[in-house]
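To start, the structure under review is shown below, and the notes come after it.
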Amino acid sequence: MVEILNIFIMLMLVITALAMVSSRHLFVTVMLSGIFSLLIAASFLLLDAADVALTEAAVGAGISTVLFLGALALMDVEETTRGVRRIRMVSLIVVAVTTIFIVHATFYMPAFGDINAPIHQHVAPWYIQHVPIHMDIPNIVTGILGSYRGYDTLGEVFVVFTAGIGVLSILGDPIKNRQHRPAHNRGLRHYLIPRLVGRMLIPFIILFGLYVQFHGEYSPGGGFQAGALVAAAIILYALLEGEDKALQVIPMRVLYIMMASGALLYGGVGVAALLMGGNFLDYSVLASTPVAGQQWGILLIEMGVGLTVTGVLITIFHAFAARSNL
Amino acid sequence: MDVATTLGWLAAILMLIGAFFTFVGGLGALRMPDFYTRMHAASLTDSAGPIFILIGLMLISETWLVAIKVFTILVFLLITGPTASNALASASLLAGNKPGLANDQSEAE
Amino acid sequence: MNLIEHLPVLQVILPLLSAPFCILMRGHMLAWAIAVVASGAAFAVSLSAASIVADGATLTYAVGGWAAPYGIALEVDAFSALMTMIISGASLLALIAGMASIRQQLPEEKQSLFFAAWLLAMAGLLGISVAADAFNIFVFMEISSLASYVIIAAGPHRKALGAVFKYLAMGTIGATFYLIGVGLIYLMTGTLNLDDIALRVANVSDPHPVLLAAGFITIGLALKAAVFPLHVWMPAAYNYAPHVVSAFIAACATKVSLYVLFRFDFTVFQPNLSGHEFQFGHFMMPLALIGILFGAIVAALAKDLKRLLAWSSVSQIGYIVLGASMTSEAGMTSAIIHMFNHALAKGGGFLIAMGAALYYTTTRFSNLAGLGKEHPWLSGAFVVIGCSLIGVPGTAGFISKWMLVNAALEQGGLGIFIIAVVVFSSLLAVIYVWKVVELFYFEPRPEGASSNAVVVKTPEKLLFMMVVMLVAAANVWFGIFPGEPLALASQAASMLTGGAL
Amino acid sequence: MLWVELYHYWVFAILLMIGLFGVIAKRNLVKKLVGLSLFQSAVFLFYITMGKVDGGTAPIVGMTDSTDVFSNPLPQVLILTAIVVGISTTALGLSIVVRIKEAYGSIEEDVIHEKDRAE
């Protein structure tokens, strides 16, 4: 039964992808890419990856679509050139050859779902066995993400941080960009119903974000998903009430501090472990018992992730919005 | 028939009804003549379909917690769906997209 | 706390954690100071790590206290120590020399963001160099790439944007190809730690997916390393980046991708896949040879100093790949020592382009004539660095060419052909360097040519000239006394090819 | 049956190639970015697919019976990181496209090339 659902979603994925690439209307392409993200999130859920599904839904279908739409507000939404025929032929050949190579190799891969495949025999069972012992938390994904591979996650936070300062550096400070124009942007003030409903929803979204943040050790979720949710709530506020209002609630200065302090909090936990005699990011030394230390460490670094992600996503939104109203 | 089986059958029927509404909504969005009628079809059935499907799911959920969660989802869907349709329609109207009325059509012919 | 023990991780986190402080500081000079101090600290760490590993030792570090393969391991050996020295040294020198140029090209309010991105780019490159985990390499590759896009896009010309977009698209494809390769390896072996992969890849049920992985990883990294014919993003990106960024990125960015490629191929694939040495050599060598000639020819036709240097990089990367494609210890030594020597020469070359732009606004040839008379020291330094690019005896470039020719002689009949190509491309290098020298010394300054775009303050000028002289002197010094880098390079080469025997 | 065991990988290959085609062949910069994110999504699917165990559940201890078989958590961790990297790249790419549009008045590569050449 699940297999049929799987095949159905896979088919939908391919169809959506084809439509995305072939549509000449960019708006359609972007909306289809949002649908694609939701479909692939459903597929992740079927494949037992709840955390990934939550992230993909929040990021791919939510934030990414908002960013694309913000950028499209500035451009022609019609694709005018079809491209050079020669390039299309060359890319078709490249693509076809690569596909043949991959499909050829799949025949020698372990079968889908085979528990005897090497990946289920080495390393991964150790994690499943040791997360309850080392950290005593139910969500194994959070345990690996926060501690065993915490250094990767540190890198991930800095990737987000880089994107934040990158967009600011490329598009310029939103406040300065906004000074050049009259404040005609009032959000959706004249739309009564969306405004009322939206305002009612914002507290719930933030509440859910906080739940995802602090319940990440027990259920799917964590700093990144929570950050995306809280940022979505603030972005919704900005859409309803206008960016000026949103910038009054959380000024740019605060956003700068959020971006930097989240990354520093994460790094700081690592350095604290270093100073207390452990290796970098070795949370075991942070508290009286190693298990408590691990739990504190994961809690703190997840907060760092949440802070940075929230700050960066809101900043990126403001940076785009300030441009598109020029 | 014990209670569980009855509930199961009831849930199946409710979900089928919900699926039917959703399907009709999709059909309407494809076949209706202009933007507003299409949106009307999609929006109405997008509220009706989930009501039946989610109530069906609530009937067969194993614990109360799950049922409450599904109910919460239903409440949010009932609030956000129509709001989105409203926003979409007023945006379209604001952009100058006039509804195609019956007499307009006769003029066009 | 024993600091020596923590050297591998300090190497990365010192610049990484300094970056957020840069954006918290309002003053741009303060951000510059943080960047300089962090680069200096990273350079000091890399020097002390290099002194430990020079005799073949390896520093390993388990991040989070979790032993590999469960946790992420860091490893510093001779090869990575050399890379970290190149990266942090290039960053330090470029930052010190670039004060005036940054002021010329970047608005003040953007500078603290610029320095933060700079530090992140450097930290990413350093993170790749010390990583011993296939996925961790991907993460830090993305930090360095994203930050590089940001600092290149800071270039004042609008063409910088197009160049960055192309770089972003191709860089992401390259990184994703690498990710696919890592995924395939993980699928077949169940591990991500490089040493563990090397152990387990020999016992996989079927080599086909591993071969596909080798293909994806090689192509992905070759894309990021701008190996011919995947170099198309590189000349424009180097050309339109801010001058100071060109000097930094050109010295180290593509070499780090090559470093990952070599490490992966020589320690994971070649010892465990029969015939893979042959495949690697015969895939890379023709590309390297064509790249060497093609890059040199386009460079000889260039009409802009930065463009010339960028295309010369295509050619010089060819030399590095050529050395590696012989899959012998001598060839690998020549490749690694050329990474170091080319960083010195190319970094220096872009520093001089920066100086020229400082005095004459642009680096177009039509605008640079007569530089030799007005700024004799600067053009003198270019002559030295140009000699190093050509490979004149007595300069650093000669050492690597000499090693390359020696390695080629081991290859028998094919070696003669290789040497012929190397000699011919050196002649082309003479042509393109001579073009600039002629321009500097033998052509009069055109009437009405623009000059002195910004007021260069005396301390800035002193620092700049000091760095340029230092780099020029290093080009000569390491040509006469190549001891330390050569020791590291041959140590690294024997470690890499030792696995292949 | 062979195809049931492998079709997930084939879907990955097809999606990957649709994305790659979008990046290489399309001349519109936004389209290229959409292709790029499609290309990355395909890789996410590949990783998650290989982590699935038949009859397994999401790797959360104690959600259901403790004797459960869990799907492999490690690819999920890697993909969480990769998704974040993907959105960061997209955001940065979009901001560059916005600047290109302002500088050139177009986001079609051919038009941009022409304007560059005209300079």
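The first chain written gets the first letter, and so on, giving A, B, C and D; residue counts start at 1 in each chain.
Following the convention adopted for this analysis, a contact is a pair of C-beta atoms (placed from the backbone, for glycine too) under 8 Å apart; a residue touches a chain by one contact, two chains touch by 3 or more.
Not measured: the values here are computed from a predicted model.
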Pair sharing more residue contacts (C-beta pairs) when C-D is set against A-C: A-C
Approximate Å spacing (C-alpha centroids) for the pair chain C, chain D: 28
Centroid spacing, where centroids are CA-atom means, of chain B and chain D in whole angstrom: 31
Between chain D and chain A, distance of the C-alpha-averaged centres to the nearest whole Å: 12
Residues within chain B bordering two or more other chains: none
Shared interface positions of chain C, touching two or more other chains: 135, 139, 142, 146, 149-150, 153, 186-187, 192
Residue numbers of chain D (touch at least two other chains): 16, 20, 50, 74-75, 78, 81, 85, 88-89, 92, 96-97, 99
Chain pairs in mutual contact under the definition given at the outset: A-B, A-C, A-D, C-D
Contact footprint of chain D on chain C as seen in their complex: 135, 138-139, 142, 146, 149-150, 153, 158-159, 161-162, 164-165, 168-169, 172-173, 176, 179-180, 183, 186-187, 192
Touching residues on chain A, where the partner in the complex is chain D: 3, 6-7, 10, 13-14, 17-18, 20-21, 26, 29-30, 33, 36-37, 40, 43-44, 47-52, 55-56, 59-60, 63-64, 67-68, 70-72, 74-76, 79-84, 87-88, 90-92, 94-96, 98-99, 102-103, 106-107, 109, 111-115, 117, 119-120, 123-124, 127-128, 131-132, 138-141, 144-145, 149, 152-153, 155-156, 159-160, 162-163, 166-167, 170-171, 218-220, 222, 224, 316, 319-320, 323
For the chain D and chain A complex, residues of the former touching the latter: 2, 4-22, 24-28, 30-31, 33-35, 37-38, 41, 44-45, 48-54, 56-63, 69-81, 83-85, 87-92, 94-99, 101-102, 106-111
Complex contact set, residues of chain A against chain C: 101-102, 104-105, 107-110, 117-124, 126-127, 130, 147-152, 154-156, 158-159, 161-163, 165-166, 168-170, 172-173, 176, 256-257, 259-261, 263-264, 267, 270-271, 274-275, 277-284
Residue ranges of chain D in contact with chain C within the complex: 16, 20, 23, 29, 32, 36, 39-40, 43, 46-47, 50, 74-75, 78, 81-82, 85, 88-89, 92-93, 96-97, 99-100, 103-104, 112, 116
